[in-house]
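Two complexes come next, and they have one chain in common, subunit A, joined by subunit B in the first and subunit C in the second.
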Partner chain A sequence: MRPLTEEETKTLFEKLAKYIGSNIKHLIDRSDETYCFRLHKDRVYYVSESIMRKAVSVGRDQLGSLGVCFGKMTKTGKFRLHITALDYLAQYAKHKMWVKPNGEMPFLYGNHVVKAHLGRVTEDTPEHQGVIVLNMSDVPLGFGVTARSTSDSRKLQPTDIVAFHQADIGEYLREEDTLF
Partner chain B sequence: MDVSSALEAHQNKFKSIQVEKLVPVEFDLNLLAAFDSNAIDAQKLSSKKEEYLKGLNRDNAQLLFNEIFKLPVESTDAGLLAKLPSQTYILPREKPLPKEKPMTRWEKFAKTKGIQKHKKERMVFDEATGKYTPTWGYAGGKKDTTKDWLLEVPSNVDPMEDQYAKKREEKKERVDKNKKRQKRNEEEASATNKGMDPRQVKKKQLQEAIAVTKQSTASYGRFDKKIEGEQKMKGMKRQFAPNITDGKVEKQATLDILNKVVGKNGEVLNVTKAVRQHKKARK
Partner chain C sequence: MGRRAKNKQAPPTPLPGTLEKKGPSRRQLSKTRKLQRAQDSKKRAPEPESDEESQPQPKKVKAAAKAQPKQNGKKTSSDKVEDSWDNLPIASDDEDDELDDDEFPMGSDMDSDEMEDDEEEIEEGDDAPDNDGVFPQVDNDFLGGSGSEAEEEQSLDEDDDEEEGSDEDDIAEFAGLDERKSRKLEARKAREAADAEAELKESAMQTNIGEDGGDFDMLEDEEDQADISQINLRIKEVVNILGNFKELRDPAKSRQDYLDRLLKDISTYYGYSDFLAEKLFNLFAPAEAIEFFEANEVPRPVTIRTNTLRTRRRDLAQALINRGVNLEPIGKWTKVGLQVFESQVPIGATPEYLAGHYMLQAASSFLPVMALAPQEHERVLDMASAPGGKTTHIAALLKNTGMVFANDFNKDRLKSLSANIHRLGVKNAVVCNYDGREFPKVIGGFDRVLLDAPCSGTGVISKDPGVKVNKTEKDFIDIPHLQKQLVLCAIDSVDANSKTGGYIVYSTCSVTVDENEAVVNYALRKRPNVKLVSTGIEFGREGFTRYRGKTFHPSLDLTRRYYPHMHNMDGFYVAKFKKFSNKIPKQTGDNVDEDVDQDADEAGPATFMEDEDSTILKAELRD
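Moving on to the complex of A and B:
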């Protein structure tokens, strides 16, 4: 476990900014407790300082996980968000997309969101913007990237993709072994 | 008609061309410069600064012009021209003095042995031809024996050996050797100029070269045979911040990075939204 380098912090924030923009500062600057980002076995964890201090005494091999896993650093130096970060992303998301009840299961199985399943979407969402996918009762299901802007998606066919799947809560079952 | 009063009035309009100074002012007329070494009146300088300085300048300029008008004059097509004397003031050197060159190996050796350098004549009399030939350079120096039409074969060598090839080779060796020494002298000189020990510099260079060659195999030297007592090569060590530091400092550092990132792509102007709002407002 170690703090992120400046380069790593930058790549992490660039990815997070696609979903929550400048709201990242609410993750760092919290009133309740000091939180920090830590890297352990290529995974980035968002963890409170008190827990991090306790985890310091655990050996590198023995330490499985701590705090909330936000994602992992790939070997090419990119950052990949994991579904475990959804709680924080949904809380501060700038753009959201609601899917109809008949579209929930297809999305949870890892498919893209098609026009027919689109319930509603935040106004003026640009193209290729990170969005949080929720069901109609506002439960976050995962996140993705918009294929079209809000205005463009009106003209689409029902089978056309409106948002590309990135992560969904079905991964808690499908990728239990590698997720945390 | 009495014009003396009118003349006086006219003269009073202008300041006197006679200026009196306690210490005479020095001139370098070639540079059109005057050097006033008189003390400055501190009281006047503080009370009426501008006026005092202007007056001082006028007086000195007047003195300079007085001197210029004393010079011999030449009349040309362009008008009257004064002949300036030669320069007396010595301008200070612009660049620092050149550093003394470090001695070459030969110079050091010659110094310890007390070998003096003899100046050679540029042209020497060649008795064989009866002409003066240059000591060095074009058409000079020792005659090139590789171009002789006949060469004697010494009695103690193989008679079939090519004496011309031998001479050519010997000459090439001499040239190469001298080039090598020249290069060495240059390297040593550059090291001493930087204030380093040439031997230490050479040692460092060699060690770096060894480090490079050790890594220059397909496996980056991982499967190479190790020599007995070979030291392990030191690689680059990554440095990370300590895990536990002052929380505030770390927070501030992260916020600084965030400001850089978000300033770039976090809060971009949403053009479509802006256009729509503008349209709404106009309705």
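Moving on to the complex of A and C:
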């Protein structure tokens, strides 16, 4: 477990900014407690400082996870967001997309969001913008990247993709072995 | 609504009713278990077939109807003639069956078989297995007593007519009878079973012409069924005798003889190893033991726990009902549990499940966490946590404040543990992979520690029937040994000076005394700086303070046991310690022989501490 290098912090924040934009500052400057990012076995964890200090006493080989895992650093130096970060992403997301009940399961099986399943979307969402996908009762299901801007998506066919799938909560079952 | 109410967790019905009601299915179940045969499907197939096919033949139906009332008695060949059966050989075949039961020498049977073969070929396949099956059945002499069989069989034939019709009050009759007569009763039961089976066989002959192979299988299984049902009857009888030993016993047999017989039957009927059957049997009175074994054959209800970090129980229930799940709160004792009766969707893959709104968790697993009662801002250790049901429950009670150390020894299970922790939105957890015995060296000073110790799993046999055979005597030495080490480590990991805490909860999903009371008693002896306190759960049976000659600390009645047949949840044990000092007093001797002396010594200081800590106790009860 170690703090992130400057470069790693930069790639991480660039990725986060795609989804929560300037709200990153809320992750760092919290009113309740000091939180920090820590790297452990290629995974990036977001954890309060008090917990982090206690977790120091756990050996490197024995430590499985601490706080919330945001994703992992790939070997090529990129950062890949994991579904486990969804809680914080959904909390601070700028752009959201709601899917109808009949679109819930297809998305949870790892499919893209098609126009027919689109229930609602934040106004003025640009193209290729990171969005949080929720169901109609506001339960976050995952996140993706818009294929079209809000205005363009109005003209689409029902089978056209409006958002590309990035991660969904179905991965807790499908990817349990590789996620952690 | 009425149906739901009926489905609610209720204590299982009393023993005799249960046994009788569930008779046939139980028989089939244990038979398959015992035999481990793939013939199951084969056997089921021909049975309904024969029933259906018999309907278009009015003759057959009539015959069956007529024969039914005579099942308890012997059928005479004149009956057969009346029955518009025009082939006498079949009647004689029936006669043969009875002879089989009465243990006539095999030779005469074979002769009659050959005669029949001339007239009707199909019977060939039927009779051959018959002879094999019936003999061992009657050989199962009641209580293993040895008597001259020839004599017995003769008297049977003589007495047969007198005894007819008195079958209903078998047991009452049984009470006053001597050993010889009881054996006779058994033999007659066998004969009745054989009679019934002969009926079936006849119908099979009539309808399944040319399906010799199928008949063969079915009949062979029929034999086993009869055998198993006999054992069941015998279990009931022996339990009855043991319940009123003075009056019902046979003076020639000691209590031990009856117990040996019963244990042997239990291990055969329910498929336990002899060792485990005895171990579990000794925990209860005979009648209750049978209830326990019966309850282990029935699955426990599916229950889920609402994740209060994400949702409320009412909202969750509504969301699941909309998905076609039929559910109901578990009971008054928990505010987060829901019992699932039936579901149109897989309950472990709904969007609500994936979003972490609930956890699939046995009702019994709520108990240790409720006993632990973690308070906000505390630091809690879960020593054996995978797959995280209890850990996430703790985190939910902490409302994501303080922190939870989730430890598990098995590295492979760490993945599912982390997955569950993240899915349920727990943000204050640290997952680590140590042998529990390395605490508190890794980190200590916790406010509360939950030790849900690895155990033999004798409380969850309905979930994992493998326990019935794969646990040996050695396991019941090794596992408690590990548990004793773990419980000491758990106690040492707690900070007694914690303002709100200082508690340790020890729990297992086992019902044996070696893994529960004995371990807790050991902990009390080795660590005089802890004492037992009430678990704060209002139901459950008190732990044993004495068991088979061993005396435990009197405060062990504060621990709680849970049984499948009483509470309709997995067998479970919960003990809660309070640590009142961080000093481990020097032990004068670590010898096991000193058990009794030390127990006596400890009674003094323990009561003294009780006074001192009464305020803490009260505060805890208020929680």
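Please note the rule applied: the second predicted complex is superposed on the first by the 180 of 180 C-alpha atoms of A that agree within 3 Å, B and C clash if a C-alpha of one lies under 4 Å from a C-alpha of the other, contacts with A are read in each partner's own complex, and residues count from 1 in each chain.
Just so we're on the same page, a contact is a pair of C-beta atoms (placed from the backbone, for glycine too) under 8 Å apart; a residue touches a chain by one contact, two chains touch by 3 or more.
This is a predicted model, so every value here is computed, not measured.
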Open item on the list: With both complexes overlaid on chain A, does A:Pro126 touch subunit B (first), subunit C (second), both or neither?
Closed with: first
Task: Which superposed partner A:Ser151 touches (first subunit B, second subunit C, both, neither) - done: first
TODO: Please work out whether A:Pro3 is in contact with subunit B alone, subunit C alone, both, or neither, and reply first, second, both or neither.
DONE: first
Open item on the list: With both complexes superposed on chain A, which partner does A:Thr159 reach: first (subunit B), second (subunit C), both or neither?
Closed with: neither
Open item on the list: Just to be sure I read the superposition right, which of the two partners does A:Cys36 touch: subunit B = first, subunit C = second, or both, or neither?
Closed with: first
Task: subunit B versus subunit C as contact partner of A:Gly21, first or second or both or neither - done: first
Open item on the list: With both complexes superposed on chain A, which partner does A:Arg53 reach: first (subunit B), second (subunit C), both or neither?
Closed with: first
Task: Touching residues on subunit C, where the partner in the complex is subunit A - done: 319, 349, 351-352, 354-357, 379, 403, 405, 414-419, 421-423, 425, 427-434, 442-443
TODO: In the complex, go through subunit A and note every residue touching subunit C.
DONE: 48, 50-51, 54-55, 57-59, 61-69, 84, 87, 104-105, 108, 135, 137, 139-141, 169-170, 172-173, 176-177, 179-180
- [ ] Would you pull the subunit B residues touching subunit A in the complex into a rising list?
- [x] 240-245, 247, 250-251, 254-255, 257-258, 260-262, 265-267, 270, 272-273, 276
TODO: Would you tell me which residues of subunit A are touching subunit B in their complex?
DONE: 1-3, 5-6, 9-10, 13-14, 17, 21-22, 24-25, 28-29, 34, 36-38, 49, 52-53, 56, 123-124, 126, 149, 151
